[in-house]
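You will see two complexes here that share subunit A, one where it goes with subunit B and one where it goes with subunit C.
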Partner chain A sequence: MTSPLLEVKDLHTEFRTKDGRVRAVNSVSFKLEHGEAVGFVGESGSGKSVTALSILRLFGPFTDAHIRGQVLYEGRDLLNLGAKEMRGIRGREIGMVFQDPLTSLNPLMPVGQQVAECIQLHESVGKEVANRRAVELLELVGIPDPKNRCEDLPHSFSGGMRQRIMIAIAVASKPRLLIADEPTTALDVTVQAQILLLLNDLQRELGMALIMISHDFGVIAATCDRVNVMYAGRIVEHAFTEELFRSANHPYTEGLLKLVPSLEQQKGEQLVPITGQPPDAFELLPGCSFAPRCPHVAQICRETQPQSNVLSPSHGSACWLSAERGGSV
Partner chain B sequence: MDFPTTEGRSIRAVDRVSIQLEPGETLGVVGESGCGKSTLARAVLQLIRPTSGSVQLRGEELTLLKGRELRNLRQKMQMVFQDPRGCLDPRMTVGTLLMEPLKVHGLDDASNRKRRAHEMLERIGLDSRFMSRRPSDMSGGQQQRVAIGRALITNPELVICDEPVSALDVSIQAQVINLLVELQKDLGVSLLFIAHDLAVVRHISHRVAVMYLGRVVEEGTTDQLFAEPRHPYTQGLIASIPQADSGARQQLREAERLAAGDLPSLLDPPSGCPYHTRCAYVEETCRTQVPQLREVGTGIQKVACDRWDQI
Partner chain C sequence: MTASTSVESPNDVQQAKDSMWSFRNKLWLLLIIPVVLLILLALVPDFFQNHDPQRQNLRGRLLPPWSTSTEGFHLLGTDSLGRDLYSQMVEGTRLTLVIAVIATLIGGVFGVFVGLVSGYFGGRIDRFLGRLSEAQTAMPMFLVAILLLSLLGPSVTILLLVLPTLLWPIFARVVRAEAMRLKEALFIEASIAVGCSTTTLLRTHMVPNIAPRILVLAVIEVGHVMLAEAGLSFLGVGVQPPDVTWGLLIAAGRPLLAVSWWLTILPGILLAVTVLIFNLLSRQFERVSGTAG
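This part shows the complex of A and B:
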């Protein structure tokens, strides 16, 4: 097998704020093959978005972010690239779609022009070619009547249509990797279904790899081959998506899967909440971050950070009790 | 319920909706953004006055009440909103926040109010140290517990919850949902539970009404509605929720078929059946005739689709 498209090794990201250091990502490592879709799931503050932003080094000038580790994209470490080289990666090699399309689109520019602008930014083509390609792209992402609609401003589109436009912009340069950060969280469920299918189809047609970030296991199930579960800035469990649903090992994953009311669950069954609060990112515990909330906690959990235990070639769980627990669910 | 717009047109946010709620019952109202569910909630509470129609609490007509009478009535009807930060005064302590509704309605003397606040604090699962805390020292889940406590402390007969868990993290959502179920059982209060999340609504409700573009398109007991959704929109809505299993992709394809395209604008609502622009089973008559909410089967389930028995 050739080398992976993306390999992240021991990534740490911390923010220095006036209240102290926030350790948002703590030693995250993962691999992504060409054309593969991998999901990151976790609650807010678990570090899934910061992991994605760290890959692209997309932090504003006023955010005092410190990134350590390696982000190997086709063997090149993105963390060592200069600003100019990095611009050649962002948008061109790695596209990104965010949660709220309205804040990402220019409200005063017709959408077709916004797509064309991105094409011209990444390729040396004339305006006419760019405009024609923009219409094709809008059609590809399912905007009805794209020839006429490309003259319209973002406000005249619905939330779902705006997200389609954002996706058109993100895939304009045929990136090899698309990072989608909660792309459907702001949308209604019937529209969410359509956008997830669109991402699925585009990924296959364009042969892109996909990183999907979501708090919703259902969204991950619909789009991803593999999944990483994050908690307190760490990947606590990783597996093939189906494997994880069949045999979740980490108590946090198990908790997450149990507490979400699903349509398949028996009605009237009590939801099993995870007790306590998510951890404080200012304070890193010496042991397992989940220990204070874990129903199976043992002495060692509070003292020493568990490493990921290999349960199968594709399945790992960072839990001291993983061997005993096996695939228990 | 009509709203004027700046262009001189009007938006009909809620259109001929009739719902009933029994004592101690939870009615879930579910639908996507713009379906009128929040407007319905506010119209029930008389926070906005309906353009026409009637709202009765135990037979008393609310749309005619004014001033003091209306304020008195609000003890009996309370509301929990989506964002607890927006409705808890950041300068007040939890104790003051919990006692405030009692004070506003002139219920009990100071010492009794304090006792009731302590009792409520326990009921909502917070220990007595929270009495002196302020909202900013608390997590979103804890704040929402306080908002729920404030709504319940006047012993209301009806509590309207408008997306009470949507702003919370999933692990906290489950805690708050369990709390609501428990409180409802203990206190026998009626809940009008409004949410876009079908799974949450299913978990908490005895009956469910599905709204689309200002109308109720289907209504029934929770078990019926989820086991045998009759309206194509309800079917699409249920299929749209990706399940955490290997069939998720297949299921979304079905959802895309049943609920195609986008929501139409309320400024320019479709003629005939409001759902005909997205429906997989649309026929010519659907474009012209407005289907009425009709009883099907045993009569408890109602569907606003003229073709429900053919699809």
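This part shows the complex of A and C:
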């Protein structure tokens, strides 16, 4: 077996603020093979975005972010790279698409130039070549009439079009890994479907691996081979996408899945909310962080942190009750 | 902005453009005329002068405006040595403008640099630069300027070093605030994510987005620097004769205010009107570039 494209080992990310330490990511480990699509699901504040930002070390120069652990990209630990080497990784090896396409583009720069700029950052090509490539990329992501439109400023594009441009920028240097941080959250459903389709097509065409971050199981199901469910900075369950939908084990995953509205649902039939609030990231509970909200909570849950139990080679669940619960739902 | 408005936004932009260039809103372009005139006065003073501004004529001293001497017609009268006031005012335009513009440029470039670094990096650098600019703002810089100029001896070069020190904290403050706002913008993070270096980021993404504000501020500061230079020249620590600036003319006329008001009032009006024009122009830039408020 060849080595994985990306292997994250025991990643911890914490922010030191005036009020104390915020532990956003606690001991996250996962592997990503070449060309594979992995999803991260969880509520706001569950640490899925911070995990992605930690991989690329995308925290401002004076944000007091402390990242521990290992992020092995083809065997190289990204956390030990110098600033210059890291710039060679960002965009060149790992591309990123952000949540809000409306503010992700420089409002004062023609879009073609923004794509071309990204090409020139990583490859020593002339302006003309970069511009030609930019037009090709815009065409690839489905911007109509790219030759003329590349002169336009971002404001004359709709949200969906801008997200396509962002994707063009992210894949400009043919990265081997694309991280999409809630790429469709700000878009309406028809556009969402097109963008997801585009991401999937590009992933196949360019042979990229994909990390898809979303709070929407539908998005994950449409794009990902495997899923990691995150809660309070931990991966509480991981499985193949179908496996997870068929037999979710962790009570949190189960709760989330019950929250996906479906068309078959009777009118008036209530969605079942997960009661309570996600835990305060300032102080971690000694036991399972989901314990205060868990409907199946037992004494041990409040005292000791559960380790991930292997349910099948591809399926793991960090729950004390995982063995007896098996694959329910 | 919602998805539906962004679909329509090309129209909105067209409308905004139309209204910007409609007749009523185009009136501000008239302000360009006096500015062009000032620039012409500075570039080719000979073309406008009907006398050698330095030529003395003791038989035609202190003539009021609209009078004639043996030298010819004096539109704005003559001074105590019989020199033509109009020609001197034209002559003074060049140095007045050059000093104001260059001092603003020096102060602006330094202030923008400090503001960018301070706002973008924040933290310790920001605190240090913030204290520096506060310390300087707390000092009565005009008095310090007088002290420096009287110690080092007045000269245009020293003036060009002293005037920017009055200016840079203003630029630094505005740019810092803008940089702090902009660095949170997603497109800045996005350009880091594609591997942009910090210098490229500041140059190609931050500065163009702050530029309209810098321009608005710079135009208004040109007017302020003119006043400051006039003040220093008036006090005798600025520009020295035989160089001429408007401030110097005002100072020269002051002892004679009771007998020959025009020597003080006319250059004073010119200075005041010029500063007003720069102020108005700055206001209009602010409106047009949408940086108002």
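Quick note on the criterion: the second predicted complex is superposed on the first by the 326 of 329 C-alpha atoms of A that agree within 3 Å, B and C clash if a C-alpha of one lies under 4 Å from a C-alpha of the other, contacts with A are read in each partner's own complex, and residues count from 1 in each chain.
Definition applied: a residue touches a chain if its C-beta (ideal position, glycine included) is under 8 Å from a C-beta of that chain, and two chains touch if they have at least 3 such contacts.
Small disclaimer: the values here were computed from a predicted structure and weren't measured.
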(message) Quick check on the superposed pair: does A:L197 touch subunit B, subunit C, both, or neither? Answer first, second, both or neither.
(response) first
(message) Per the contact definition in the header, classify A:D188: touching subunit B only (first), subunit C only (second), both, or neither.
(response) both
(message) Just to be sure I read the superposition right, which of the two partners does A:W320 touch: subunit B = first, subunit C = second, or both, or neither?
(response) neither
(message) Per the contact definition in the header, classify A:Y231: touching subunit B only (first), subunit C only (second), both, or neither.
(response) neither
(request) For A:S158, decide between first (touching subunit B), second (touching subunit C), both and neither. (result) both
(message) Is A:G218 touching anything from subunit B or subunit C once the two structures are fitted on A? First, second, both or neither.
(response) first
(request) Answer with first, second, both or neither: which of subunit B and subunit C does A:F40 touch in the superposed model? (result) neither
(request) Name the contact category of A:F290: first (subunit B only), second (subunit C only), both, or neither. (result) neither
(message) Let me test your reading of the model: by the given contact rule, A:Y73 touches which partner, first (subunit B), second (subunit C), both or neither?
(response) neither
(message) I'd like to check the shared interface: which positions of subunit A are touched by both subunit B and subunit C across the two complexes?
(response) 158, 160, 188, 191
(request) Name, in rising order, each residue of subunit B that touches subunit A in their complex. (result) 32-33, 139, 141, 169-175, 177-178, 181, 196, 198-200, 202-203, 222-223, 226, 236-246, 248-249, 251-253, 255-256, 259, 262-263, 278
(request) In the complex, go through subunit C and note every residue touching subunit A. (result) 1, 3, 6-7, 9-10, 13, 120-123, 183, 185-187, 189-198, 200, 204-205, 208-209
(message) Which residues of subunit A touch subunit B once you look at their complex with the stated criterion?
(response) 43-44, 158, 160-161, 188-194, 196-197, 200, 215-223, 241-242, 245, 255-257, 259-265, 267, 270-274, 277-278
(request) Under the touch definition given earlier, write down the residues of subunit A that touch subunit C in their complex. (result) 56, 58, 60-62, 84, 87-92, 95-96, 98-100, 102-109, 117-118, 121-122, 155-160, 166, 169-170, 172, 187-188, 191
